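Worksheet for the structure shown next.
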Amino acid sequence: MLDKILSSRFWSWLFKGYGIVFLIFLYLPLGLIFVYSFNANSINMAVWTDFTFDWYLTIFGGANSQSEFDAAFTESPERIFEVVRNSAVVALCASTISTVIGTATAIALQRYNFAGKKFYQALLILPMIVPDIVLGIALLIFFVGAGFELSLLTIIIGHTTFLASYVFIVVSARLAGMDTTLEQASADLGAGPLTTFRRVTLPQIMPGVVGGFLLAFIISLDDVVITYFIAGVGSQTLPIFILAMMRRGLRPQINALAVLLLAFSFVVAAIGLYLRSRKT
Amino acid sequence: MSFLKITSAHKAYRTPEGAMVHALNDVSLDIRNNEFLTLLGPSGCGKTTLLKCISGFEDIDSGEISLEGKDLKGVPAHRRPFNTVFQNYALFPHLNIADNVGYGLDVAKVARKQRDLRVEEALELVGLTGFGSREPNQLSGGQQQRVALARSLILRPRVLLLDEPLSALDRKMRENMQIELKMLQDSVGITFVFVTHDQEEALAMSDRIAVISDGKVQQVASPTEVYDEPANEFVANFVGTSNIFTGRIFEKQGNIVTIETANQRKVQAESDRFGVGDHVQLILRPEHLKFTPGGNGVPDNCIEGVVETCIFVGSDLHLHVDVGKGRKAVVHHRHDRGNADEKIEAGSQVKLYYSPRAAHLIKAVVN
Amino acid sequence: MAGSGAILARKRRTLILLLAPLTLMLSVFFLIPLSIMVIYSFLEPGLYGGVEWNWYPYNYGRILGWPLNDFETFEVIYLKIFLNSAQIAVMTVIVTFLLSYPAAFWVSRMTGARKNLALFLITLPFFANMLVRIYAWLLLLRPTGFFNTILQSTGLIAEPLNLLFTNFSVIIGMVYILTPFMFLPIYASVEKLDYSLVRASQDLGANPIQTFRRVILPLTAPGIIGGSVIVFIPALGNFIVPAFLGGSKVQMTGNLIERSFLQSRDWPFGAALALLIMAFVVILVMFQISRQNRAAERGIA
C-alpha cells in the first residue's frame, strides 16, 4: 500500500512539487544576488531600473561613473586584487600541504595495522567537529602566546589543521575501494615501495587526491570564522574583506564580487563532484 | 644443490576473534628446477600462505626458505627473482596491455627499444600479438589471464608462482588454459609453483603435487603416485574418491594379504610392505570396483550389497551401494552403450569385486 | 611470536614516516592550542588584554553563578544568551529536518542521471561561501528587500514588515547554511532503506501511518540523528549569522565570545564561554558514538 501510495500519481506529483520548492529554496537567494548584480539601481536593489555591467567593472577598476557617495563605499581595484591574491595563496598552500598530510595519513590508516589506529581515527574527526569559533580562538591564543605574528602563514597553518581531515576522508574512501593486490603485483614485478606508490597507488587514488585537494581548496577559500580570528591587519582574505564591506552597508559592488566568488566556487566544486562520481 | 627449498617453515596468526591459526605447521618442501609443482589443498589449508611466504609478501615465523642455498630471509618481494600470477590477475587498470606487460622492465629501467621488443615477444608467447594498445577492461577473462602471464614471464623469473589463476574462468576456458599453461611451462623452462584446490587441475598439469592440509604437507609425489598410492586417508579422500576399509591382516599368501575388517568382512590386497597382524586401511578407487547382478557366477573376494542410488553422469555410471552395517561403497562403471547388464536400478542386489592389484594399503592409525 | 622479520621492520619505518606529519601538526597546532585555551579559561584577565598567571575560576562564576569573588558578579544574561543559542540551534535542527526528510525520499526514488543531477544541485550550494549565503538573505529580508518590496507593490502591506533582526531571521539563515549537513546523512539512510520491509509491514496489516512510524522512521533514524548532531554543533557556535541577520536584537554565545576576544579583550572569559560550547559538543559526540557502537553491536548479534 505505502509504496503503492508513494508511487501513485498524486504522491509522485506531491514529491516532485516539493522537490522543486526545495530547490527554489536553495537557489532563489543566490539567484537574486546574480540578478541584482546587473541592476543599475544603486539606491534600492529590489527595484529593477536598468541592466549594467558597472558593478563588475568597478571591481576591475573600470566604470568610474559613480557618485562621491558610492566612491566612499567602493574599494580600490588594487585592494581587491590584494585580498584575492591573499586568498589564492592561502587556499593553494593550505590545500597542498593538507593534501600531502591527509593522503599520507590515509595510506597509513588504510594499509597498515597498528596499535594506535583507533586513536588516530578519533583524532582526525576532532578538527571537523570542534566548532570553528573554538578552533579560531584557540589558535589566536596560541599564535599570540607563541609570538607568531598574525600573517598569511598563521592562516595557512590554521586552515591546514582542519583541512587535512577532509582530505583524509576523501582519499581513504578511494583507497578502500582500491584492489590491494595491484600493489602486491607491482612489488612482485620488482618495484620498490616508492616506485609502487608512484606508478600504481598514486595513479589509482588520483581522483581521490584531486577531489580532496579541491574540497580543501574551497573550504579554505570560503573560510570566514577561523580566518577572522587569526588574520593579521595586512593579511585579509577575500571573505574577511567582504565581511568588512558588509558591515559598512550593502552596496551593489558586493553583489558582483559575491557572484564572481560563487561562480569560482561552483566551478571548482563541480570538478570535484565530477571526479568523485567517476569510477575507474 | 637443491633449488627452492623450504625447511620447517612455521607461520601462525591470530584471527580477529582471537583464535590462533597455524597456517604453516612445519612445512618442508624441496622444489626442483624446471618442474611444475602444484600445491593442492582445500581452502584455508595454508597453500596460499605458503605462496605468499615464497614470494616475500609475508614472513615465516621460523624455518627457512632458500634458493640455491641462499637464505631469502629479509629479502623483500621486489628483490626476489620470483613472479606471481594473481588470482584476480591484478592488471593495472590505468595502464594499457603493453605497459602492463612492460611494467617490470620499466621499473628495472630497461632501454626503450629492448623493452618494446621484449613486450612484443611476451605478447606473442601468450598469443596476444597486437593487443598492446588495448585497455585491461576490454579483454576477456582468459585474455587478462594471458596478459598476467606475459607480464610475469617477461622478467624471466626463476620461479613463477600462480595463485589459483584459473578459478575465475568458466569450465571450457579453464580446460584450454590448463593445456596451454603446461605447454608454456615446457617451452619456457621455468619452475612453476601452482596453487589450486581443484584436484583434477592438479592431476592434469603437474609434474609433482604437494597435497597440503591443516598447514602440513601430506604428500609430495607425481600425479599418478598421489592418485594410486595416496599416503594417507586425507589424500585418498581429497584426490579423487575412495572406498576405504579398515582392518587387520590375518593371512598372507605370497604377496596377497587378506584383511578382516571390523565387521568381519574379508577383503584382499596385494602388498609387499605389510604382514600378518598389521593394522591397515585398504583404499580402493571406485573405477576399480566391478559389479555383477546378484545371484550366481560370483568371483572370489566379493562384497554383496544393495544399490541405493544410480547416477548417470555421461561417461560413467555412479553407483552408491549399501554393503551392510551402514557402510557404503562407491562404484564408477564405464558407460557401455546398449549393454543390458547396465540395467541397474536402486534396490537391485549386486556383488562387487576387484583385482587385489588395484587395492592400495596404508598403515591404519590405531588408537 | 618469534621473529617478525625484516619485512615488518621496514613496514614500521614507513608507517612512522607516514604518520609523522599529521601527528606533529595536530599536536602542535591543534591539541596544544586547545589545551592552552582550557588553561586560559582559568586565568585572571589582564588589565589591558592578555592574562595574569593566577588561578581564577571566577570567569565561570560570571556565567554560571559560582564561584565568585569580590570583583566578578553573576550576570544572568549570559545564561539567557546561552539558552537562546541552544534554542535557535534546536529550531535549526528541526527545520532542516522537516525540509530535508521529504527531499531525501524525493531524490531516492529517482534513477540514473536525474538522481545524480538532483544530488549535484542539492550539494552545490554547500560550496557557496557562507557570507554570500547570509548576504543573500539580507537582501531578501531587509525592509527594502525582495519580500517587502513584492508585498508592498502588491498592496498586501502598507509598511515594510520587520523580518530582520529576529530569532526567525537568524534561524532562517542557519537553516539555509546547514541544510546540506542534514540532507546528506538522511539521504544516505533513506537510500539504504529496504522497501521489502515496508511491503512486509503492510502485508502484516499495518496502515501507512503505522508503517511510517514503526518501520520507516526507525530505519532512517541513524541518518536523522547523525544529521541533527552535525547541524546542532555549528549552529550553536555560529556568530556570523546572528551578527548580520540578528543585529543587536539577537545575541548568541558566539557573538559574546567574539566580543570578549576582539573588543573587550577579556580572553579568559571568552575561553570559558568557548569551553561551555565545547562541553556541549563533547557530550553530543560521545552520545552519538556510543549510539553508533550499540547499533554496530546489534548488527553483529
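Each chain carries a letter (A, B and C) given by its place in the written order, and its residues are counted from 1.
Note that contacts are C-beta pairs under 8 Å (C-beta built on N, C-alpha and C of every residue); 3 or more make two chains touch, one makes a residue touch a chain.
Values in this document were obtained by computation on a predicted structure and should not be read as measured data.
J.: With contacts counted as C-beta pairs, which pair of chains has the highest total?
T.: Looking across every pairing, the one with the most contacts is A-C.
J.: Going by C-alpha centroids, which chain is farthest from chain A? Tell me that one.
T.: It is B whose centre lies farthest from that of chain A.
J.: I'd like the Å distance between the centres of chain B and chain C, where a centre is the mean of that chain's Cα atoms.
T.: 61
J.: Which integer distance in Å separates the CA centroid of chain A from that of chain B?
T.: Averaging C-alpha atoms per chain gives centres 58 Å apart.
J.: Rounded to the nearest whole Å, what is the centre-to-centre distance of chain A and chain C, using the mean of the C-alpha atoms as each centre?
T.: Between these chains, centre-to-centre, one finds 18 Å.
J.: Which residues belonging to chain B are in contact with no fewer than two other chains?
T.: In chain B, the residues touching two or more other chains are 56, 76.
J.: Which positions in chain A are in touch with at least two other chains?
T.: As it turns out, chain A has residues touching two or more other chains at 193.
J.: Please set out, as single numbers or ranges, the residues of chain C touching at least two other chains.
T.: Residues 10 of chain C each touch two or more of the other chains.
J.: Hey, which residues of chain A end up touching chain C in the complex?
T.: Touch residues, chain A against chain C: 1-3, 5-7, 15-16, 18-19, 22-23, 25-30, 32-33, 36, 44-47, 100-102, 104-105, 107-108, 112, 114, 120, 123-124, 126-127, 129-135, 137-142, 145, 157-158, 160-161, 164, 193, 218, 221-222, 224-225, 228-229, 239, 242-243, 246, 250, 254, 258, 261-262, 265-266, 268-270, 273, 277.
J.: Mind pulling up the chain B residues that touch chain A in the complex?
T.: 55-57, 76-79, 82-84, 86-88, 90, 92-94, 103-104, 106-108, 151-152, 155
J.: Note which residues of chain A are touching chain B in the complex, please.
T.: Listed in rising order, the residues are 179, 181-182, 184-193, 195-196, 199-200, 203-204, 280.
J.: For a test of understanding, state which residues of chain C touch chain A in their complex under the given definition.
T.: Where chain C meets chain A, its residues are 10-11, 14-15, 17-19, 21-22, 25-26, 29-30, 32-34, 36-37, 40, 99, 102-103, 105-107, 109, 116, 118, 120-133, 135-140, 142, 144-146, 148-149, 176, 179, 195, 198-199, 201-202, 207-208, 211-212, 230, 233-234, 236-240, 244, 254, 257-258, 261-262, 267, 270-271, 274, 277-278, 281, 285.
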